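First, the structure itself, so that you have it in front of you.
Per-chain residue numbering starts at 1, and chain names A, B and C are given in the order in which the chains are listed.
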Amino acid sequence: MSVGGAVGALSALDPKKLRMYGLVGSVVGIYLGALLNSALNTTVFSFIGALAAIFAVLMGANAVRRVCAYGIGTGVPSIGMLALGMGIIAVMFGLSVAEALGFGLLGPIITLVYAGVFGYIIGVIANKVIKFNIPIMEEGNSDLSMAGAMALLGWSFAISGTLGYADILKDVLMTGYIAIIFIAGGLAILHPFNANLGPDEKQDRTLVNSVMVSGIAMIATGIAAILTQGLAAGLLQLVIGFALWFYFFKMYYKLVKRDAAAVVGTGLLPPTVQ
Amino acid sequence: MNFDINTIVYILEILVGGLLVGIGVHFVPVGGAPAAMAQATGIGTGTVQLAAGSGLTGLLAAGFMMSVTDNLWLILASGAVGAGIMMGSTMLTGSWIYAYAVGAPFASAKVNYDPITGFSQPPYVAPGTVGQGIPTICFVSGLIGGMMGGLGGAMIYYPLYLINGNAALSAMFAIGIFLVNAVIASWNIQGTIEGFHDPKFKKWPFAFRACAIASILLALAAVLITGGA
Amino acid sequence: MDAFSMGLIAAMGALATVAGASEDIESDVGSQSNPNSQVQLAAQVGNPHRIYNKAISGEPPANALWAATAAMVAYTLITAFQMPALFALVAGASVAALFNGVFSMSAYFGRNSSQRRFNQWVYLDIVRYTTPSIMAHAWITSFCIATISYIMVYMLPIPHPFPMPIIALIWGLAVGAIGSSVGDIHYGGEREFQNRQFGCGLNTMLSGQIVRKAEAGLRNSIDNAWFCTKFGGPATGMGFGLTVFLDNWRTTVFDPVTQASLAIAMGIFFIIVMVVYNLYIEKSARRKYGPYPEYKGDIAA
């Protein structure tokens, strides 16, 4: 699978490359899922939307890593909540406006543009009005906003099975499933850096953690999809999510063993400092 | 989507709601991690988290009220009171812990005398700390902040619901606008604040400007969204 | 107002009290949120320890995730398979607890291996016996909150207009905010630093010098839960219980359609009572404990 292959080379990805992977991967994935679903008149390809969201989450997790390395004084969680707060508005705006204009399929593009511009403006506000003077604040916030929006959109698509605004409203909003996407997406973006915070944090370990958390989110969307798309499509998503989670949890544990001072079954405090 | 005078009113309401959230955050006495070790005055948690907890409780109350009436004042008051109750019970039970588990008298290190009760503060500040607990001035300030947050949440929810008539959509949207404004305001505070008597409170015009820009952009997007079904 | 809805409100208050208490104990067993900054600091100032380090995020987002997961699964089972509500809520809480276990473990592994240069080891036995305890408390929290949401949407005479998972999300954020503001002080202000003088906050000089040894052997996080259950947990429960109960009680006793202003006036009355009670606590603490003897300024006590 392409995701598995990509992670092996994640050790020192620079943000530009990761942003490109994130944007292209998520947009192409969402469109691919939507086209396959509508062309074959089925919903089993909705899981592609959930996979596409993982690319966006990777980009967002890396942006959190870069912005929070400067120390913003309010902790990591607030920035994840900001990403999703910006994202949810961008998603609903994009889908609604695309529907109103008569080009339903343009939704993801409008979402992406609005999210990028809005995130950039928030970054400018942070630097110019609140006087943070963090050099990467603009692009970091723009990345975060786009990542939040695309993750929300990908998982919303995974639950509803189409990109139609009315369907997303009915399947994702009215049922309340947006709540789980919102918070699971937020944690997928903020948890990896928060969980690996410390002087010896490594990029590959953080990113593997974010894929693992996305797997968990995919299990959740799979359960939700059982109601909206039926047992087959839902279970497929659930099983793929579980497999992703399992594979990347093992990989994460391997990286922990590589990075930790020692992984011991049991024992007293380290001998040098007792 | 027809653009008329009502749309402008809706945009203004969302803007005012966003500003209320942004300024309300400055009133909430948060001590961050140090306050959890009774090392600083205020509530021992982060700004965004507490503002979100209280403001969204207010949103629940306002949403409930809106389902049975369309009187703006009742909805706003409901949101404010719901948030105030949450903030009040949080600070009250927090006070129990400071008084009966840590065993420390309440004191603020930012002022010499509590402006409301007139109690002297420095003799009660433990050595090596910058105050502890929730003195009356912080309690009142926190209530004002919490109620402003709830009011702001209700103020955002009300026009959204009138535009799209969809409670779930409006609620998620209000949560989104709320979080953006709360995070911007908390960046302005940079961690901890004791309330409106804190010198840091004078920084609020920065947050006012920042939240105004962000809220206008969000409001413009929000009024374009239809309720679909 | 009828007896049935009054009973439901009472049940919601009771469930909220249990949820608040278990939420706080969950965060103490796992050492989450603000007091965890000292656990994190301990290794950096040369005190490696055997305490869990569950930095999932701030408590509010984490608890919002557990509560929303439980509500989401329960809603799906109730709507798609017509399952009885109680079984559906139990199943939902179980899924939430599994999610919690994964997040907890990944945070413990991650934080400790990011402290390689301070020689902080990863102890697998701690993972094995503390994680189930964390998950159990998360199960109670998410079950109670999902049940509250269920009651608000399906059982009260005037149902709440928001869908069940969104209500659970908001209550989850609220319980996390209360847990990190109330109960954590008992853990951070008292339990982590029992080796210093009682009756004051933590002196900044002692930052990171947490208690690492127990009555016998090394202290672990289950010892901390034992301590915090005595006061921090119940106080958090009271905080969340009061929030849920008072907020819903006033709109049930007073009909929100015809007596809305009375319901709001009742809420303002509660708030004023809280201000007065806090003033009483402040006064009695000042009278009983007195000023600190080290104080050398010229402002009279």
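We adopt the following convention: contacts are C-beta pairs under 8 Å (C-beta built on N, C-alpha and C of every residue); 3 or more make two chains touch, one makes a residue touch a chain.
If you're wondering where the values come from, they're calculated on a predicted model, not measured in any experiment.
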Joint neighbours (subunit A and subunit C) are B
A count of C-beta pairs in contact puts on top the pair B-C
Greatest centre-to-centre gap (Cα means) from subunit C is with chain A
Whole-Å distance, C-alpha centre of subunit A to that of subunit B, is 28
Per the C-alpha centroid definition, the whole-Å distance linking subunit B and subunit C comes out as 20
Subunit A touches at least 2 other chains through residues 75, 77-78, 81, 174, 176, 178-179, 182
For subunit B, residue numbers touching 2 or more other chains are 46, 48-49, 52, 168, 172, 175
Subunit C touches at least 2 other chains through residues 58, 60-61, 162-163, 166-167
Subunit A contacts subunit C in the complex at 75-78, 80-81, 174-180, 182-184, 186-187, 190-191, 194-202, 205-206, 209, 212-213, 216, 220, 223-224, 226-227, 245, 249, 252-253, 255-256, 259-270, 272-273
The subunit C residues in contact with subunit B across the complex are 33-35, 37-38, 58-61, 158, 160-163, 166-167, 170-171, 173-174, 176-178, 180-190, 192-193, 198-206, 231-232, 235-236, 238-240, 242-243, 246-247, 251, 256-257, 260-261, 263-264, 267-268, 270-271, 274-275, 277-279, 281-282, 284-286, 289-292, 294-295, 297, 299-301
Subunit C residues touching subunit A in their complex are 40, 44, 46-50, 55-58, 60-62, 64-65, 68-69, 71-73, 75-76, 79-80, 95, 99, 102-103, 106-107, 109-125, 162-169, 172, 212, 218
Listed in rising order, subunit B residues that touch subunit C in their complex are 32-33, 35-40, 43-46, 48-50, 52-54, 56-57, 59-61, 63-69, 71, 74, 77-78, 81-82, 84-86, 88-106, 112-113, 117, 119-129, 132-136, 139-140, 143, 167-168, 171-172, 175
Seen from subunit A, its contact residues with subunit B in the complex are 72-75, 77-79, 81-82, 84-90, 92-93, 96-97, 100, 114, 118, 121-122, 125-126, 129-132, 165-166, 169-170, 173-174, 176, 178-179, 182
